[in-house]
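Got a structure here, written out as structure tokens. Questions coming.
By letter and in written order, the chains are A, B and C; residue numbering begins at 1 in each of them.
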Amino acid sequence: MTYLKNTWYVAAWGDEVSREPLGRKLLDQDIVLYRREDGDVVAIGNRCPHRFAPLSMGKLQGDTIECPYHGLRFNGHGACVLNPNGDGDIPPKAKVPAYRVEERHDLVWFWGGDPEQADPALIPDLSYVTDPKTRTVTGHIHVDAAYELYIDNLIDLSHAQFVHNDQLGVDNYEDAQLEVKQADEQVDVIITIPNANMPPAIRGITGEDNKRGNFVLAAHWQIPSIVTNHIQFLDADTNEALHESFGSHLLTPETETTAHYFYGLTRKHRLDDKDVDNAVRAWHLKGFTEQDKPVIEAAARMMGDETDPLAMGPAIIQTDGANVRARRILKKRIKLELEQESQA
Amino acid sequence: MTYLKNTWYVAAWGDEVSREPLGRKLLDQDIVLYRREDGDVVAIGNRCPHRFAPLSMGKLQGDTIECPYHGLRFNGHGACVLNPNGDGDIPPKAKVPAYRVEERHDLVWFWGGDPEQADPALIPDLSYVTDPKTRTVTGHIHVDAAYELYIDNLIDLSHAQFVHNDQLGVDNYEDAQLEVKQADEQVDVIITIPNANMPPAIRGITGEDNKRGNFVLAAHWQIPSIVTNHIQFLDADTNEALHESFGSHLLTPETETTAHYFYGLTRKHRLDDKDVDNAVRAWHLKGFTEQDKPVIEAAARMMGDETDPLAMGPAIIQTDGANVRARRILKKRIKLELEQESQA
Amino acid sequence: MTYLKNTWYVAAWGDEVSREPLGRKLLDQDIVLYRREDGDVVAIGNRCPHRFAPLSMGKLQGDTIECPYHGLRFNGHGACVLNPNGDGDIPPKAKVPAYRVEERHDLVWFWGGDPEQADPALIPDLSYVTDPKTRTVTGHIHVDAAYELYIDNLIDLSHAQFVHNDQLGVDNYEDAQLEVKQADEQVDVIITIPNANMPPAIRGITGEDNKRGNFVLAAHWQIPSIVTNHIQFLDADTNEALHESFGSHLLTPETETTAHYFYGLTRKHRLDDKDVDNAVRAWHLKGFTEQDKPVIEAAARMMGDETDPLAMGPAIIQTDGANVRARRILKKRIKLELEQESQA
């Protein structure tokens, strides 16, 4: 399995892109991202066609980026618009690829394949991120594991009981009920633990210590590697949400064996409370950098050169239902794309 | 040359294995070691068959080990005995290899090949380690060199005069006499330096500064990579031992190019003296980590992809007699094992 | 493209070689350099032929070097002259290669190929380095880039305006005039910027702030990777040099993808002023380690396995005239050498 090209991937959270060039490898391609003076995001090839220095080490000159090595300038379409040296001639080869990017819901999306096929209507709807009634804390880490291994992690929320036990563990996990649904090219998985104790992370936010209720973890996957989740703790009597949050977990392959992990936690309460922001950041650091990442990267090392667990004859259990379905959909789409490429 | 499989190797010193799981790669296999509640040592495959996380990152639950990722539990036979997720079904593939281990003389030995062939009677006799009249200080380091390069080092004690000159050097090394003996599949080498000054390390222990005597360094190699030595400094007149120690130098291949080095120094004097323990530890750190390891690892780098010096057309000198014999025996056994495998 | 063998390369600045052995990989060969008691430089193979330890970890014994592992001693011709072990026999294989070296103008040169062909008359003339009317500050860094990428950098001084803008930038770079000359197997490139402001680095030395003049940067390349330059700032009216310096930029391949960069700055003023020495060292650190090296190494990474930019279909601009010519000459000579080798 490799990755789908003709689809939208996250290149960055909006606040990562500024008037300082940002070099990032995405789908094995070296890309530089920056904002034009009007604020629009530009994504072009990062490798100068002259002597191959990374443009991201250079600086912006108006809407162009200047190569750090010999000063050639490129515009947002990847065309060289200035050669400051010698006779100043600009040779035809002096150009870099330009990528289709769209900024939406505080995310910079880029189209991984043929720009002609890029359709902004296909960008996943993460409008809750920019809903004025919510507040979202975001982050980005680089991981030494194939992006698919992160999808596996994210749409099998049973890992929360073990990897994040200190934050999300409950004392009656054996009562958990699992539901997996597939519709079109999307997969939903819902774990419900009735009459659970309130997990530590939620106690920290609600301040309620001994309350029991229904703990509901729902994850939604869509092509290519977009996972959103909805975590709720419901009053056992009234079914009223004592707590809920919305997670964005967005993976972009860097290479076949490494990935970018963009995450966000969206809440509907205490929107302006910096203490909550900081608590969420602390949880992200703990949960994603200190808990998920070491386990997933260690599993990736254990897999050696293979990136697809299903190719290794694994033990498959019921809670793998969602990730097995997601991989199947993705593989089918990748196969189709490769067939179309070979026909073209 | 590669390594013999159907033989006993050291997996760990006994005190390295506890109720905290210990992950260790041995003979290219990822293994986790831990103690059951009754103290017996368990060694099973470290790679969870579900999503390939290392079990050594998990924790013990009674006599089982729980995977850190999704909580599957495995017993000392490598069988999955609990799947806490979903319907709880345990698929047939949910198992890991189990290794034959024996704890003897404070060492945990494991059989590298077919468990059916494992015969505890073949475990090398290192009973002096647990003799109540002795005291042994032990250690373990990881080395970036093929295990055979360490055998070469250990059964050619002439290196002591140069690599460990500050500790074991004498002023009349030119008088050294060499004896090499081979019996069955074992090799002995004895270097005797008559009327030598007492080497610095021994002066430090005996407190005798100007005494001369006979310095005798004897090393014994047996299959696969077990070296024991006996260092003596004898009174020139009475031939009484002014000092003696027994060294255990036990190599286990991690991969073809890296190894585990387990070492111990056994003494018969001042058994309860912590100062002597600390002096031995300081000597181990100096001699093994700061002197042998850099030289051997540098030689390994100089050899590039080759792990067998004899394949590189080296200059062979008389003091190589022991290591050439040992390699010849080992190669013959490995060849035989490969032939048996190909016939099976 | 690989490298020429039968030619003189720099092995070290003279003050790098002493009575402490210096291990250095040059043209993929492991070499140890040291001075004999009479001060002459020795360069022999660094890999002991016995057990392959690096001789450079050993110590000098008179004019010989003693292997750190088992004490074999080798003389400046690479012959083993002492085996201190066992019967002391010296086997025929106990020898290492000896390299032709010449010390001239404070540089240790070595011949990369067949010693029989080594002709000291071919050593490039860098006599200005030891001219008593000059003072030279020198240095050496290791770079993770093919040596050719450094030649490209050094004989295209247009990079100074961008990579070293804070030190050598001018405000009318668009007025620069370029001249490239090829004679025999040598290439010269001269950039003249008439009526330029005095660049910051030169202002720092001359103390003249607002003076404008003609800024002339001249570089000279010769086989194999010897670049010297002459930087001048001339009074616009009198054409008198307000400042000039002579740079030595000497590359030696370590491997096909890594190199040694030896540099020196020679001046004719304030010869005994340690403050100027220190200012030059600060400039070297800034310019070569913090500015050139990151850009060139990043470009090398961007090029992946390729070391020749011309093989990658680059955009070629007028200022590449010198480096394209130099590469063409070098390729021709390498091709010729390979043909001669295959005929021999």
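General observations
The working rule: a residue touches a chain if its C-beta (ideal position, glycine included) is under 8 Å from a C-beta of that chain, and two chains touch if they have at least 3 such contacts.
Nothing here was measured: the structure is a model prediction, and the numbers come from that model.
Subunit A maps onto subunit B through a rotation of 120°, based on Cα atoms and reported in steps of 5.
Counting every residue number used by either copy at the subunit B-subunit C contact, under half are found in both chains.
Chain centres here are Cα means. That of subunit B falls 46 Å from that of subunit C. Residue numbers of subunit A whose C-beta contacts span two or more other chains: none are found.
Interface residues of subunit B facing subunit C in the complex, by the touch rule stated above, are 152, 156, 158-159, 161-163, 173-174, 176, 178, 294-295, 298-299, 302-303, 309, 312-319. Subunit B makes touch with subunit A in their complex at residues 30, 46-54, 57, 66-72, 80, 83-87, 89, 91-95.
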